[in-house]
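Presented below are the structures under discussion, each in the form of structure tokens.
You will see chain A twice below: alongside chain B first, and alongside chain C after that.
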Partner chain A sequence: MRFAFTDDQLAFRDAVRDLLDRECPPAVVRDAWTNDTGRSGAAWAHLADMGVLGALASEAHGGLGLTLVDLVLVLEETGYAALPEPIVEHAAVTVPILEDSTAAAAGRVTVTAALDGSGLAPWADTAELIVLPGETGAAVLARADVALDRRESVDGARRLFAVHPRAGPQAVRPALGAFERGALGAAAQLLGLNERMLDLTVAYVAERRQFGVPVGSFQAVKHHLADARLGLEFARPLVYRAAWSLTHGDPDAAVHVSMAKAQASDAARLTGRQALQCHGAIGYSFEYDLHLYLKRAWALAATWGDARWHRAQIGQTLGLPSGSA
Partner chain B sequence: MDLTFSPAEKAFRAECRSWLTAHAPHDLPSGDTREGFAAHLAWERKLFGARFAVVSWPEAYGGRGASAMEWLIFEEEYYRAGAPQRVTQNGIFLLAPTVFDFGTRAQQDQILPRMAAAQDLWCQGWSEPNAGSDLAAIESRAERDEPGGGWRLSGQKTWTTRGAFCTHLFGLFRTDPSAERHRGLTYFLVPLEAPGVTVRGFGRLDGDEGFAEVFFDDVFVHDDEVLGEVHQGWGVAMATTGSERGLTLRSPGRFLATAARLVDLARRSGDAAAPTLVDSVVADWIDAEAYRWQTFSTVTRMTDGENLGAESSLTKVFWSELDVRLHEHALALLGAAAELADADPHDWMKGYQFALSGPIYAGTNEIQRNVIAERVLGLPRR
Partner chain C sequence: MNIAVCVKQIPDPAVPGELDPESHTLHRVGKLILDESDSFGVEMALQLADKAGGGDVTLISMAPNNEVSGLRTALAMGAAKAVLVSDPALAGSDALSTAKVLAQAITRAGDVDLVLTATESTDGYTGTVPNQIAQLLGWPSLTFAKHVEVEDGKLTIRRQTEAGYDVVESSLPAVVSVTAGVVEPRYPSFKGIMAAKNKPVDQCTVADLGLSSDDVGWSGARQEITNVAAAPAREAGEKVEDDGSAHERIVAFLEALKVI
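Up next, the complex of A and B:
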């Protein structure tokens, strides 16, 4: 038993963190609310150059031949930045489905997916390929072969579309584990969002003064943020463990993913509330950046199965009454 | 990252499991009563006889030199087998790590084997009537006895767990009243049979005589009963409270076992269990797993030489509040039967009463949240 990342994995994470620091500051997230694509622009191309988008593809197909254990840390960083891109759908969910697509691995095409059960695909209007549930696995469609219907997410930087395939033959591919990889990816991003909201708030309450002292010196504020930190502390290991279980084909991997997604969703929601409360009115303003992260956290907590849904799955495997009576 | 257990770890687990399943008692009376304590001692001596009392200690002191990971495995198996909380815990889990760090070789040789064998029974003497959360406010004093080569203790300790049944006490006494509060304290190891010591046991919330107050009236202790340097007791004591909050006192195995019992109770409740309650039961089960995996990660970091420090406060708040939730949800499943001691083979109401003390002892959770905010998050002190 050794539960730690390697130096290489941490270095890969750090490189992505630096990149997103530069290429995806809050201004870029904010711009995605109103620009034509709802996307980041340069950050996506840089991630493609670094190999992040094809991390899970084999080297023979232009990827890095890495695993979800490597990718989970990177996805956490994309959450920290609230990167407005379908990176979970592309890098975690569909690259393994399209395993021989060098174009997807290299990021020459963008792939999104509507595989979380909602029928919605994020950023579908600028993706070249859209992956939908097929009869036996996943159906891979070109954008021209679907009709898109824009749906408003609470997170204006998450362009969502209901996807309606036009008639025609569909290439169906095996999609084993696609849902679990999506839920894991969302859980990882929720960890990053959680940490971002906490960092923003810790910095703010140390600066903001009332009654002649920093508001962060008041015990009520301290305890709100201690609770936020606790939630994060006891969500993170479950997410990393689920990444390992999926990578190594653990027979209980789906349960491990459900634990991770349930815990990460609830933890991020709690931190969001505490962060908003500890900011006071400034956090409630549209101009201040907190809401960019808060709304992404709300969206991701709800998607790929919310906390209760995942707990219900676990309840079934534990043989608990389903409560339908 | 390798989240499988090595062949050696698996073999160790199998050995623990087979011995503990065969020998763990399930029906001991509470260890916080005089009769119960004696029964527990018999069990702990048997544990020692099988070299399971202190698996992580060196063989010379009765252990097996097991790794921290193996110790966690032992703990999981110990509670999985239904074995009871250790009445020797305050010595083995709280004092011993400090003796390993600060004790002289002679002190280690003298104290540790007898502690492991449950011959010397240690209680913890921090709190006083006027010093609880503010431990540095202690008033008990030690005055220098130069001709005798030692110190004379006077004052009072209280809330001393199982003090009335123990043979020794470790605690802090003020040796330099003129120094700043945190300085001038010294860590003493006191035999309770020493002349001038009076111990009075008294009842806890659950009615058991688990508390004691200990009075010191000019009690002589020898120089080699000082642990660490004279006047440096605060630093020595903080090392012990670190272990109490962190890993050693309440390892994940205990909560995994309680969560498994709760899941079992919910299963047996069938459709009588409200869906929201089932949801809470699953949430508790996930939390117990979260503590387990957080601990594996912590132990990996410790094995790599990292120091945890204030992070142990996160752990303490988490396990103590999880314990309360586990019991609250069990009582909710029992419904009107919750007040009955025999509503379920497991006495949840008794467990609930003990769980409620978790957020108080080992530094209250309010204090721990202050520590998390100030020392983990870096928020300004007042």
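Up next, the complex of A and C:
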């Protein structure tokens, strides 16, 4: 087994990085805190044209028939940009569930989901379809057939809604590992957010001077950032492994996903704390960009199972008594 | 309509560039990327070919070490094929040598109705290559196009000027340099990226083009970089303490600059 990304997979990542660099700079994320939709505007349509939204759909349904291994680096980039869009819910979680994903693959309809156990669906007020847990699988509902109740989120650019289905038609579809794909997608985005916070902080401590030298030259600051880098690089292979396991139907895939999500969540939270510490007071200001990424990291660390929940899952498979995680 | 687009593969401008201490020329090691200023020509060519109802867009490039990573980006956007000239003898080529190589490569591509280039490259920026190619091919040269149209075999461009634009017409074939902003380059799609690696890249050497290695590279260069110096550091501005007459000093300063 050659466990390295192919040239195509790296080219997909580079193309999406370039797209988001232009279409989703910090100003777009900041705008999503207060604009009408809470979303990015142009970036979503460009991602649809590029083929990202339908990457996992079959070619017969307007997709590319790609796998989570193809998509994982792309999702990481959407984390790096803190893309204010339900891309994990749409491209990773629900496109493989839908009976006909043609419209979703083309970006004509946006799909979100409340499948992470919280009962909340992000960006549900602008999604055409909302997928909820049903008794026998996943229930696909049109937005007109649900009542939405806005909930507070720490991340203002990731609007959350409690979803209450009204009586109406429900297409029930097999859930097909939706939760694992969601947890993997969030873990991948957390890697990207982690990288972004490190980049911002390294740039800041190289520029900010105190006692006549850049504060990044102080050993205590270096240690903080080295710890953050270490956590990120330990989480990264777990996320890639989990993507491979889900793609290839590894019987331990769920455990691998739990390892990935637990480690990626902890690593991003650690980096967030170090980033805030190294920035000093400016890191707390709303006008500075760090919080856009820090709050997304906090929000995603708590979704699709937090680190403690996933560690408990791993513990169970090892036969450890519950509560020991 | 067949269109050739000259594209340069350059070191990533985001990475600080380095000059070779011996030759004073730009270090071109490692991965090269498509010069962003060339992506406008590629997009323009794709749109023109599409509007003409057919024809191929062929990339023309000269790069060390058979480098194709930048070409792949343009092939992923939709170009059909590429001619890549790569030869150790090309190291040290000046602008005219580069133009000779590109003109020969265009001839090799064959059956070209229109050549598009950027106005200048992002790493070398002599801005002379498009005109030189046109001269060598014996074709009309049209420059700084911010709008390009081909209708009934006639080429019309809007040539960017300081005041606005000139409308310039020409017969085909012709060489046109396009400005950034002539069109908005598309993002390559995943399908395009997957298809790009199977598109033909005609890799050839100086000899394949019928040129002598004495005419290109260091031996053929008619220019020599004798010295390179760092740009002088910006000097501190003048500080004026306001004693009630600061506005007069500011007016005098702006007058000296002929701003007012």
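To be clear about the criterion, the second predicted complex is superposed on the first by the 319 of 325 C-alpha atoms of A that agree within 3 Å, B and C clash if a C-alpha of one lies under 4 Å from a C-alpha of the other, contacts with A are read in each partner's own complex, and residues count from 1 in each chain.
Just so it is clear, a residue touches a chain if its C-beta (ideal position, glycine included) is under 8 Å from a C-beta of that chain, and two chains touch if they have at least 3 such contacts.
Everything quoted here is computed from the prediction, not taken from an experiment.
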| item | value |
| --- | --- |
| Contacts of A:148 with chain B and chain C, given as first, second, both or neither | neither |
| First (chain B), second (chain C), both or neither touched by A:162 | neither |
| First (chain B), second (chain C), both or neither touched by A:308 | first |
| Touching partner for A:213 - first (chain B), second (chain C), both, neither | first |
| First, second, both or neither for A:241, with chain B first and chain C second | first |
| In the superposition, chain B vs chain C on chain A residues touched | B |
| First, second, both or neither for A:202, with chain B first and chain C second | first |
| Touched partner set for A:172, first chain B, second chain C, both or neither | neither |
| First (chain B), second (chain C), both or neither touched by A:15 | second |
| First, second, both or neither for A:226, with chain B first and chain C second | first |
| Contact footprint of chain A on chain B as seen in their complex | 1-6, 9, 69, 263, 266-267, 269-271, 273-276, 278-279, 281-283, 285-287, 289-291, 293-294, 296-297, 299-301, 304, 314, 317-318, 366, 368-370, 372-374, 376-382 |
| Complex contact set, residues of chain C against chain A | 72, 76, 186-191, 193-194, 197 |
| Touching residues on chain A, where the partner in the complex is chain C | 7-8, 11-12, 15, 18-19, 46, 49-52, 55, 64, 66 |
| Touch list for chain A against partner chain B, complex | 1-6, 69, 198, 202, 205-206, 213-214, 216-217, 219, 221-223, 225-227, 229-230, 233-238, 240-241, 244-245, 248, 259, 262-263, 266, 308, 311-312, 314-315, 318-325 |
